[in-house]
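Chain IDs A, B and C follow the sequence of writing; residue 1 opens each chain.
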Amino acid sequence: MTDTTAASRTLPGHLPHHPLRAALTGSVASIAFTFIAVIAVGLIWIGPKFVSFGNVSIIGSFLIVPLIVGAFSGFALLAGVVDLSIGSIVGISAAIFAWLITHGWGLWPAAGATLSICLVIGGLNALAIVRFGADPIAATLGMLTALRGITWVLCGNQRMIPAFDIDFFTLINQQLFGLPLFFLLAIVLTLIAAVVVTKTRVGRHVQAVGGDDRAAARAGISVRGVRTAALLLSAVGGGLGGMIYVGQLGSAAGATGLGLEFQVYAALMIGGYSILRGGVGNPVGGALGLLAVAGVANILDLGRISPYYVNIIVGLLLLAAVLLDRLRGGDAYE
Amino acid sequence: MSTDQAIDATPTATPLAVRFQGWGTAITLVAVWALLIAATGLYRPDFFAHQTVLAIAFTMSIVGVLAIGQGIIGISGGFIDLSQPACLILTSLIAVRLSEAGLPLPLVFVGAVLVGMVWGAFNATIVVLAKLNPVIVTLATNFIGLAALYLVFQLAQVPNGSEIYHMGRASFLGLPVIWWPMLVLIIIVGFLMRYTRYGRRITAVGGNRFAAQARGISLKKTRFATFMAAGGFVGFAAVLFASAAGPFNPSSASTMQLNVIAAVILAGISLAGGRGSFWMLLLSVGFLSTIPTSLVFFGLSSDTQSIFQGILLMIAVAIDGYRARRGTP
Amino acid sequence: MRNSVRAFALMALSVPVLIGLAGVAEAQDKFKLGMMVGGNTCCEWMKAQGDVARALAEKMGWDYVELSNNNDPATALKNAQIMVQEGVDAAIQFNGQPSTNPAISAVMKAANIPIVTYDIADPGMYFVGIDNLAAGIAGGEQLGKIMKEKWNCEPDLVISSEGAGAGIVNEWRTGGMRTGVKNICPDIPAEKYISFEGSGDAAVALPAARDLLAANPNAVKMAVVGINDGGVLGLINAAEQLGRADEVIGWGQDGAFITGDNVNPHLAGSVFYFLEGYAVYAIKDVIGPIAEGKEVALKADAGDPASKVQPCPVSAEQAKAVPDMPERVAQLLAAPAGTTEYDLFCLNK
């Protein structure tokens, strides 16, 4: 009996013991290399314009929502409960928020109500996954589908809720030091998340639960509590993302956030997270992954490459980046 | 208990679990399907009509064959093949081009299945040589594949009045011609997976790959075999799709992905590998294909369809998880 | 093994570098046109819109930038910002996700760049396109005439294949077709009009259409209208599969499936807009004058557009004389500047 325990601990048990070292020598170092390579290519090909404030602003404001969603949903990945419903949560949050502010609600009460509904959605995810033990991918795939259907219904026959508010638009697009304010806030949020993950007890608990839930439970960590909290956080990230989209885009649409989960998770995987097992990944790596992918797309846009090649090249890069990560000692499949 | 014994113990436990899961899944699926049919029939007695059966059977045909491919990837521990849409469109295009060239139907099937297998081999090559996770690999190849296909064509359809065109519209014994191959394939694959050495090996690899390896099963060969087989089934489904769908474009297959994955999960085929019966696909695909038809009889719009399907999938996996959790000490 | 893998990674990374080194910076003083294509893989014409704009811009000696909106609202906004940064002198967009149009308008206005929008109007953009409502009514009236002649205006069902994702365009086109039918056959009872969601894609519409037919088992004489030819074809294919196509008559919109030698016999006609050739209108009436330094008044309303595309209803019989899309594009680009596809190919002017 004791032997079995020891065996199961030595197999996947390395990471929880040295989270900081593992993160710095592993995934973040790889993505940092990829990120620097992207900047180098951009400088060679596009020239100094690539790193100009103007261009970084464009990339930055495009990334505000993915960065925020990524920072929050990264906790769910870390805890070993991938949340595929984030794109649909963004969609429904945008629809609810847009509906409320066009029906006489103030921005703050509307934001509060929207976030509450998102918490309920996160709670339902947690109920299915944590309480009943449903497979996270399958359960949140169901949530993704159901929420998208509700979003369509909410958006009505025209498939959109116009909610262009020039004040809110100006607020979201506010610049600070020549860069979008909310982009900087998203970076700060990422750094806070990184500190939480690497330097605090809470972060270690999340990693422990994702790395080996039985070992974590034996160590006295509430596995259910951590996973429930992670799924709630993930839903909050989606909720914030949806509301920011309403400000940025001036409306909510049936397609708002459609496919965002793939966009974000592909980048997070490039950045060192895994959607199949918890315990690995770092918010900084995830953010660098998003920046690297957006940088590549930007290089192709500015480099006058036919837009139809963009997806092919981004796909190849996804493969190249995960391969690079593996060659640097990352996770091998079989 | 030594470590070796602990690993060896897992595969012997698998058949028991399969049997237990299988029955529970079958009873649950039959019960909810019957309930859905009964409720719709009570509300609209004309639901019990040949037209309804035809509509549901057509919907089942393509999803069913795709689900076999997805199930093989799942049960062998490859989790999900996210590149099915790209592979389906690629092989459908092959089927169209071969039909346009005037090739007889059997050769069209052979061509599409072969190209599907090549696609599968391409996925497997990356997975095996680069040692990358299949989910990420197929996510990327789907991305690349669809984008590349769009550069090649934006619209394709089989020639009006051709052999393949008629196959997509004809009936045999009161059911669509394209429904029967789905039925036969699911029965055969279910049999092969359960009663042959190869099928058991695939399941064993999914259950515990290291134990399987220790017993002398080559993981690389298994990956190639499963991905090529899955690609072949997609190629087969593509001929059915091309025959029935009318004009299609590179994005026409994307809405099917969810239904296929849901069918595999509802059938109790574990995405993490190692358990499940392919025969259950007949029930899960049938049930899932009945939902949209029922909703239309209830007078609900197709927007609501995804709400029901999504909630249902969540409840199903929650029940599945609860049962599995109770079953384990 | 390990080396070959490493070589593969290096190759993948070096591709963009090499292309970059091969790229030559272009002259900056030329007039620069930006084109943001829809980027939805749904439709043959979407890519062609960019190809035609590129060819025409090159003919004019302009610099040309093309980006794809990827059918995504956030990408459309980002593309507008890139167009501003790239210093385009004018821009054209087709935005299938028009929810972002107000934000795009604001961005372009701040940079003082005129922008043309195809088919989906926004108060801040030059409208170039079809009057979707008029196109719908024109098609509906043609279908109504057939119904009057064959069925004495007594169909069992008038089925609408909706594409709600297109928003107001769907209401104009599909609703317009119903209005057109009512203009000819005013006495069809309201309950005979039914709708289903077909997403304007034949393959996606097909299962929903089968369900709809199953739920209306006694309907025989069925007239089909829809947002486009693809949506209408979805229902026709479903009727063929359920053995009920004998008395199905469809009339589509956009003319995507009415040319060539593969036209479904139940598709009685369609309405051409010649979507792929819109750049001719945009350049003739908006971009060209701007490039010459003239002031062009902002006309943003679909009812009073900056350049109006005429709908061209055709029966399947008449459409046999019209070449398919690639051939039309070739002839359009060979024609004198300012010639539209309507001029070249529309028989019912």
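By our rule, contacts are C-beta pairs under 8 Å (C-beta built on N, C-alpha and C of every residue); 3 or more make two chains touch, one makes a residue touch a chain.
Heads up on the chains, UniProt names are A, B = ABC transporter permease.
Everything numeric here is computed off the predicted structure, so don't read it as measured data.
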Longest centre-to-centre distance from chain B, chain (CA-based): C
Between A-B and B-C, the pair joined by more C-beta contacts: A-B
Geometric centre distance via CA averages, chain C-chain A, whole Å: 34
Separation of chain B from chain C, taking each centre as the mean of its C-alpha atoms, in whole Å: 34
Centre distance in Å when chain A and chain B are each reduced to the mean of their C-alpha atoms: 29
Chain B, residues touching no fewer than two other chains: 130, 146, 150, 303
Interface hub residues of chain A, defined as touching at least two other chains: 152, 308, 310, 316, 319, 323
Shared interface positions of chain C, touching two or more other chains: 5, 8, 47, 164
Sites on chain B touched by chain A in the complex: 1-3, 6, 79-80, 126-128, 130-137, 139-141, 143-144, 146-148, 150-151, 209, 219-220, 223, 258, 261-262, 265, 271-272, 303-322, 324-325
Residues on chain A engaged by chain C in the complex (per definition of touch): 37, 41, 44-46, 49, 54-55, 57-58, 61-62, 65, 152, 157-160, 162, 164, 166, 169, 245, 248-256, 258-259, 296, 298-308, 310, 313, 316-317, 319-320, 323-324, 327
Complex contacts: residues of chain B adjacent to chain C: 44, 46, 49, 51-52, 54-55, 58-59, 129-130, 146, 150, 154-155, 157, 159-160, 168-169, 171, 176, 241, 244-253, 255, 292-293, 295-297, 301-303
Residues of chain C defined as touching chain A within the complex: 2, 5-6, 8-9, 12-13, 15-17, 19-21, 23, 37, 39, 47, 65-68, 70-75, 77-79, 81-82, 85-86, 97-100, 102-103, 106, 164-168, 170-171
Chain B-facing residues of chain A, complex: 1, 3-4, 7, 124, 127-129, 132-135, 137-139, 141-150, 152-153, 262, 266, 269, 274-276, 308-312, 314-316, 318-319, 322-323, 326, 331-334
